[in-house]
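Chains here go by letter, A, B, C and D, matching the order in which they are written, and residues are numbered from 1 within each.
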């Protein structure tokens, strides 16, 4: 028997799979369902100060090698979200509250409210490529450090910082988050992208540009995790294109202690969490690993 | 009959497909063969001052949704390259000389030598994600502007600047190139990425990190071209994941006046140039376009 | 599944069905089952889920002009291109013999393909169709090809004067149906579900929720723990019993749970 | 083609063939034709092209320890994993009846699968095999299973004292072959090509060039306008006539054309 439980700092997970933010995460019922499908933790939709309707549709389309979304952080707003967290908490796995704001100063209060709602950790979305305001924070080490520090002083639960790949040097930004007290790094958010439908000569997304997720971005995510692992000591969570156990192992060997799954649900259904766990176990058994931890970062050796 | 000839500034092309730099480009014979396979122009391998052996292998592997390469700009060096250009020129299509250097000051002389060898245009590679030195230039508007200006004052043929997607704001860098006198922008180079083979717990590329090309990056390339088109007036050439006529049309509608093809050769063989041209024509006929120009940038309307 | 990705189709015919309702047909072969829907993109405007009201080699959607997207769609002509992706969602279980099909308004678009499939399989279909007024009656001729049709209008301008669920109840008191298929306003569905539960008749309803992705990812279409786009749009009565949202709440574009 | 992507295989057996040469076998089913090669990754070291010297359900490569990669490979044991991708390249045309197979050194690894295929098809194979000295003779037993074998050594320690091309010429003077298959040092191939041209016998040679990608993209393996990895590694004599590079130039790692 192999052991796939893991820890991300103070957060203990029965298995290394988490639901990625923004997928099915606006309703507590859906989060609960994902938890019961076998995810080791669930991350909420990124919640902001006010309800937000998001971008015009189409806002999520399937491309040949991934998904393209321009949802634009549609969310019910923090005040309407208490009930959802309460339902999600019935799932008996950690609920991680994701928050975003257009202004640095709003992160602290949002995070504090999430903590009050009962989440076991926070994820700071500093990285959505198709929501105004956020792109600026995403590439700026000073702003990242400021946000992280403010949230750290506002809450007691672990604070994870989610980074964007649409930057020149992601490792530098991870260092900024670490120095400001961040308890972990989540990488990556979607890759800025777009698609045009030639027959109608128009961009496909209502908002023109959006974020690419799914299999196409896995090599980018693995590269980011690998780079960040060499730059910081805090734990990492890999995200981007995980759909099977080997994808997860790739991230883990690059340095991640857990992975998040978003688009993978499209490719394999909600069973993806269970399936990925079984596939990681099978891999470990075949290759003589006993604890997941033994694999973390070994591609660096 | 539809008309697919096009121009990129002063450069006239019988058709909008070009061979991308670094694919088959170290030998004049190969460039000639590509020209005879139907490419509208060919770009040489990026040539530097000295012969360069490149990175340890594996340096090009096929991933599920693209190719990952860490060739590391292996090239015979400018002094050994005259004969290759001379052979390539027999192809009766424009030969575009790509050059790179680790230091800004070397671009001018390299470009001048290429011009003497007879190339009809220059491409400045400011963007290889897996060669030391170049990554710095790739993300820095000042350096890009400096390189462009120096090359412009050294040569008379058109100077195209090839940009990297691994930056925060590619449009800003395109503007820097335009302001410094650049005659066109080529976008994009490969997306920084890596892959790990779980069974051996090691990065696949000898150099660990490399560049992702092929279908996976098309949505990123289209996005970059679209953004650059809104920021500059000089002509654009799209590159990244073009393997069929619709891919090319997508880039053209985003704002490109021509496309380059690299990985597409893997998926469809050297016939890809001919095939893409025929598919563009078929598309134009079906949708009532008569000249390629009518499609350039129309997704912005 | 190549057709499931967004692509364009050329409108083959645009047919006026009623004062504010049109059907738009296009030729495309893809496997689809009665009850499934597609996402329809009106280029330059928005994308909305639509039932396929016709399933053969020529497919059709039937849309009522009620808001921005449908208004834009109504300006489209034969030869224009719309974007489509799908088909998505589950479909009606048509394994019984004798069905009552109950539709309210454009809801008929979601069930008529099922009526057609039943009729083609030689099964018995009775349709009860409700609308505000005579002018809103659509797809009547087609419905009649598949079996008896009973009409209810809110204003009594034709047929039964009252709501469709009352008319359905009357029919169910007279005859025995093995199953009911329903689509329409959620209050109507709720009433029908109650009637069927009481009478122990299996009911399947086609539900509507605001949808963004249509493929079970964005969460916009949640109905309690269900995703209407993926677990539905067809639900059996027993799945809906005890839900907090059914008949009471929907999610708006921001994901807020709001009363209907 | 799932197997064509880089993946790992477990070494099934490591066999000492001669003082500096070993064969490494692994179990994997994939379609492959005689003459094709794979890219072999020695994890942590480098990747090199290698002929498949055995093509059944158990595949094998045969490598001489001549440099950094092969030295590292020689340290690998049964149960270790190497990375492989392929098979790549074209293959021998074996449509004639009576073949002379001429191999120099480890070149035998590139042609022995062809000998086996010919023997299995009931065709006649004669092998001439050249090496520096007795200790360098490899895969002899297997070769003998497929037909007569003649040996040449540079030092005369066994067989004919001289180069393999001379021995081949002698054989061709005695007997009539429909075709020659050859692999070995390029000078040997060049000589054989000349002999065959003169005698009007079809020759196919397996060429070697420095390779990076193996799939026709990087250009490292150019031989005039040919890409050895994709247009080859097997070339007919007529394709090589008139090439500037054949027998004279190769490309180094930097892509420089350097004399052999």
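FYI, a contact is a pair of C-beta atoms (placed from the backbone, for glycine too) under 8 Å apart; a residue touches a chain by one contact, two chains touch by 3 or more.
Note that this is a predicted model, so its numbers are computed, not measured.
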item	value
Chain whose Cα centroid lies at the greatest distance from that of subunit A	D
Subunit B-subunit D separation of Cα centroids, rounded to whole Å	36
Separation of mean Cα positions, subunit D and subunit A [Å, integer]	50
Approximate Å spacing (C-alpha centroids) for the pair subunit C, subunit D	67
Shared interface positions of subunit C, touching two or more other chains	none
Residues of subunit B engaged with two or more neighbouring chains	63-64, 199, 202
Touch-based graph of the chains, sorted into line, ring, star, complete or other	line
Set of all touching chain pairs, with the criterion as stated earlier	A-B, A-C, B-D
List of subunit A residues in touch with subunit B within their complex	63-66, 68, 139, 166-169, 191-196, 198-199, 201-203, 208-209, 212, 215-217, 219-220, 222-223, 226-227, 246, 249-250, 253-254, 283, 287, 295, 298-299, 301
Touch list for subunit A against partner subunit C, complex	22-27, 29-30, 32-33, 45, 51-54, 56-64, 67, 69, 71, 74-77, 80, 83, 197, 199-200, 202, 204, 206, 262-263, 265-266, 269
Complex contacts: residues of subunit C adjacent to subunit A	4-8, 39, 41, 43-44, 46-48, 81, 83, 85, 212-213, 215-220, 222, 224-225, 227, 251-257
